[in-house]
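Note that chain A is present in both complexes that follow, paired respectively with chain B and with chain C.
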Partner chain A sequence: MTQTATTFRRMKDLPSTHLLGTGTPMCAGCGGLEALHQIYDVLGEKTVFVNAAGCMTLLSVYPFTPFRGSWLYTAMASAPAGAQGIRDALDILREKKGLPPEEDLEVVVLTGDGAAYGMGLSATSGAMERDLDFIYICYDNEGYGNTGQQYSGATPHAARTATSKGAHGFAGYKKDLFSIWAAHRPTYVATVIGAEPLDLARKIETARDLEGPRLIIALAPCPTGWDYDPRESVAIGKLAVRTGVWPLKEYRDGRIQHTRVPRERVPVEEYLKKQGRFAHLFEPERDETLLQELQAKVDAYWDSVEVQGG
Partner chain B sequence: MYRIRFHGRGGQGMKTASRILGSAFFEAGYEVQDAPRYGAERRGAPIFAYVRAAREPINERGIIQRPDLVIVADDTLVAVPAAGVLAGVSARSVLLINSRDAAEVWRHRLNIDGPIVTLPVNTGVEDRAELPWIGASCAGAAARLVGVLPRQALVHAIETELGGLGDDVVGHNLENALAAWELMAPQYGLASEGGEPRAQEYQRPDWADLAFETARISAPTIYAAANSVEVRTGLWRTLRPVIDYSRCNRCWWVCSTFCPDGAISVDKDGQPRIDYDHCKGCMVCVAQCPPHAIAAVPEHQAQAEEAQPADIPGDPP
Partner chain C sequence: MSRTLLTGNGAAAWGARLAQVDYIPAFPITPQTEIIETLAQWIDTERMDSRLVTLESEHSMITAAGGAAATGVRVFSATSSQGLLYAMEMLYTVAGWRTPFVLVNVSRGLAAPITLEADHNDVMAARDCGFLQLHCANCQEVLDNTLIAYRLAEDERVRLPVIVNLDGFYLSFTREPVVIPAAEQAAAFVGPFNPSSIHFRASAPESQAVAVLGGAPYSYFRYELHLAAQNALPVYDEISAEFRTRFGRDYPAVDSYCAGDAELVFVMLGSFATKARAAVDRLREAGWAIGLVQPRLLRPFPEQPLQQLLAGKRGVAVIDQNLSMGKGGVLHTELAAALYGHPDAPPVLASFIGGLGGRDISDEEFFEIARVLQAAVDTGQTPPPRLLYTQDELMEIRKLQAIAHVERKELGGTA
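For the complex of A and B:
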């Protein structure tokens, strides 16, 4: 893997002033907003955000916006198509109207997992097929957060959602969006999380300095949808990584690299225990079968990573 | 018709409270409407829920403008303009405030003549794990205040509405709701039904008429950068993070990076500074600070301390 020199070598190198405006209507403790403010600090203000319907639509409610550049709202399935329109317009301005390169903007799609893993997948596939020069940020709160946490294609097995309330929670399995995206062979795909800011900053820096389709999935602990005290957002995010539930990795030049391999993985139940959406796995009695199944899936993932050597 | 309005913060279970009360009315044979109002704001922000109950079919719709009973789950909301707690309150509206302060204190503070009742449960919000239980207490208290609901209707409503969440949750909610029910015994029937509004009393809502305009004007563009700072989300806070600078290691990259809202900046000496106009009080910084230099202080306590005149040594008394 070609390791480009990074400005983010230590935590100290992270930005100490923040570009994204405060005063947004996201929930107190929102893990998606945490990731977004870190991402925005690295991408900078020469960006246009294209936002599909979801929690983050509420960032820019007239007459307020936390962004320093433009923002466009699209229907849930069509943010990558909106990005294509903006990219084309910018290209025309550059070619025909003499827009100087330093005034060019980076087009950034911002959607939840409902759009990214489901409704918007076809539009994203098309954008990659056309080799669109854009960045896609999916904040993955594992459900339709804005409308009350119904399940989505990103909901993990056994989680309780507004539409999976039975004794065993959600019967389906989280889609592997990273692999689906990487199978299109775009320029760059990465997973990040706000609880690991250095890893996040390096990956956003990498994405920023490349061209073509660059897609990022940020696991977004969601106090409201996952049912935990907002103060736990970062602790839960760190556990997602240390238990191996959320592998931090990147795809580039046809290869997948894990940027953090938790050598001694914390048992998955430490992560599950902290969230009300998994409470039925522990009360009124432990659901040994489901707990073992969830652990086994994570173990199998990391076994296969070791076989592939990284 | 009873017109009942709930005020709380996202996360305090006001939607559930309104459903419990609505179901209790329904059990008792009433026609019922219960609905939360969804706004752009989330956990921590002001939330509204409404219950209408009548013996006749209900033709009224929408938000409740003239409430017979107003329930305030969190007394810090009274001072928040966006919460509109006192909107449409008349001399016959009953105000039920969950507060450690006495009803007399509130009467003086608000300068209103109508009946005020206080319900002292989980005030101060030192332990947010207790927050979701406030809803049941509010529903229990409201059920007693209206004076037409049998205890059994309340019990049934809680069992029906919360049954899916397991016996423990139902048990805990029942306990809280019934405790509040008992507490309100002396005020049984204090809240009465409001009459039907009469056409003569109709007042035009105080909104502005907008002319039909071209798309450029009616689909406006924001030209300002990061003007969301004009919104004071600090008002959502029930707990305040306070840094003890004598213990702070100046590893600002921890709190400043993790703060979801980006409300912690770093001054030129490398000290983190919390922007209380915008900190929503999630307490992520408190949980993550390596030397535990940030304390979670209940907002009411922090405000009371601020209101005290500073003790300057050597100053004349």
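For the complex of A and C:
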């Protein structure tokens, strides 16, 4: 696969002017907002963000918005369909009504994991099936954050959420949305995280310069839902990558490539023990079985990556 | 102008074609499919310059319709029954966006039990969402109402989506002679869509449909929506008057038949009102001073014309083709609210439920309704709501139940 030339070679290449306004009602240390800031700097204001119900819905509260470009709030399940309507209408305006190309917009869906992994999955699948020219940004805080962090299809095994408070936390396993999306063979799928800004900027740049369905999952450390001090967000984000819990990768032209392969993986428990939602794995006593299971899952993932040579 | 045999579905498709719609988000459901199939074929054969996209659900279809209308193109869509309900969240949402577009609903009864045939529970469920509602009694009205609906939806004083309702099977699949207006005449009437402030474009960033905090801003925007819907009543009168001038067909907000000198009146919506009309003829032959009042608009609710048309009547029978479980007929309730306290309001306002799931209402039943109504007038006692059902129908269902009973026994179940 040929690597597209990137304008982002090192940290100092990252945009120094920031486009998204401040003073939003997101929590301090919100990893989703951190990622969105960086994404917006690359995508810019010639965009219309189509939002599904979630924390980010409160970015635009009448009469304020942090976006310099446009915004449409839809509903929890159907932001990709809203993007379909807007994209089709912009195409029609350009083809039939003389809308000049410089008036065109990039249509960007912005949803949480609850919408992306669950309720909105059919709408996303449909949009990919129709080869919709759009970007999908999922900020994945691994639960229904806006409603108080109940478990969602993105919640990791053993995490304590508002609806999995038992001794072993959440019994289910995080759904592999990356693979589900990639199975549709869209133009581009990538995972990112705000704590790795260079990797993120390159991927958003890649997505921006392509056409068709381009989908991004940003792991979004969430102090409120994951129960940690907001100042730890970046550290936790970095650990998610260094432990191998959050593989940074991209799908393009039928191939998956890992953009960071942590050579020496930090033990998963370093990531877990920083978060209150996993505290029951350590207190009152270590849950060795569960900790080993979680480590084994991550190891198995990376073993399979090595076998595939990704 | 030409007169052609068209089904109600065909007429709806012609309405969309003559309104020169730009965009058609679609999803199939019986009995609506002929509409989108016809439009798709016209687009494929370049008889229509439009884009049709099949979404993966009606929820998405209405989201896409709203998104496109909010971007500034003319949108048409169509659904029915389960589809309308599946889209319900978005019906409220896109009405709140104040996006003007037209949605044809081909009325069909709701599950359970699942059926394909007509009644109005689907469209009544959408009563409060902010879509205006035009109800059609024949195929010509389907075409004409679609044109009128675009004018109404896009009017600066209204800016709301409109549902044009036609009854499944009775209209959707029934061929009637329909006058198809010449394309230029229709275009001159509907005019181009002027989205003015409705758009998404790079040079004019816009935040649409943002959240509000607190009841005061929420109430403000909801009141605005309601007032816009109410504006639609005088605006409708203007538009239908212009339609009459241009095309010679008259569509008052509330239609009536032999109501002027009538003492008793049937009130009905949609295609079944034509059955009531025929029954009025026969009842008149038999000496009854009876007439029909038929609202064409359901939202906004045309209270004033209804009050006027029914003033001084001795008895009114509202025949609802819907059933609000635990209450009764929706139109009956609405009419009662509109008439209550008016000095000339009819003293008897009786409720009948009929035509659910396509069940016919026969002439004899209209006669029976008239007799019940007359008795109520004579005694001054309004009867309890009646669920129309005949002895024969009851016998039929008893037979089916007996068969079900035997089948269950044969399969080894407990009787």
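FYI, the second predicted complex is superposed on the first by the 310 of 310 C-alpha atoms of A that agree within 3 Å, B and C clash if a C-alpha of one lies under 4 Å from a C-alpha of the other, contacts with A are read in each partner's own complex, and residues count from 1 in each chain.
In this section, a residue touches a chain if its C-beta (ideal position, glycine included) is under 8 Å from a C-beta of that chain, and two chains touch if they have at least 3 such contacts.
The model shown is predicted, which means the values in this text are computed figures rather than measured ones.
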Partner chain in contact with A:Glu232 - chain B first, chain C second, else both or neither: first
Chain B versus chain C as contact partner of A:Tyr62, first or second or both or neither: both
Touched partner set for A:Met11, first chain B, second chain C, both or neither: first
Which of chain B and chain C A:Leu20 touches, first, second, both or neither: first
Contacts of A:Gly126 with chain B and chain C, given as first, second, both or neither: second
First, second, both or neither for A:Gly82, with chain B first and chain C second: second
Which of chain B and chain C A:Ala28 touches, first, second, both or neither: first
Contacts of A:Val108 with chain B and chain C, given as first, second, both or neither: neither
Partner chain(s) touched by A:Leu219 [first = chain B, second = chain C, both, neither]: neither
Residues of chain A at both interfaces, chain B in one complex, chain C in the other: 45, 58, 60-62, 65, 67-69
Touch list for chain B against partner chain A, complex: 10-11, 40-45, 128-129, 164, 166-168, 220, 222, 224-233, 236-237, 251-254, 256-263, 265-266, 275, 277-278, 280-284, 286-288, 296
Interfacial residue positions of chain A with respect to chain B in the complex: 11-12, 14-31, 33-34, 37-38, 45, 55, 58-69, 165, 194-195, 197, 223-224, 229-235, 280, 283-284
Touch list for chain C against partner chain A, complex: 22-23, 25, 49, 51, 53, 55-57, 59-61, 63-73, 75, 89-90, 93, 200-203, 205-213, 217
Touching residues on chain A, where the partner in the complex is chain C: 45-46, 48, 50, 57-58, 60-62, 65, 67-75, 77-86, 88-93, 96-97, 99, 102-105, 122-123, 125-126, 129-130
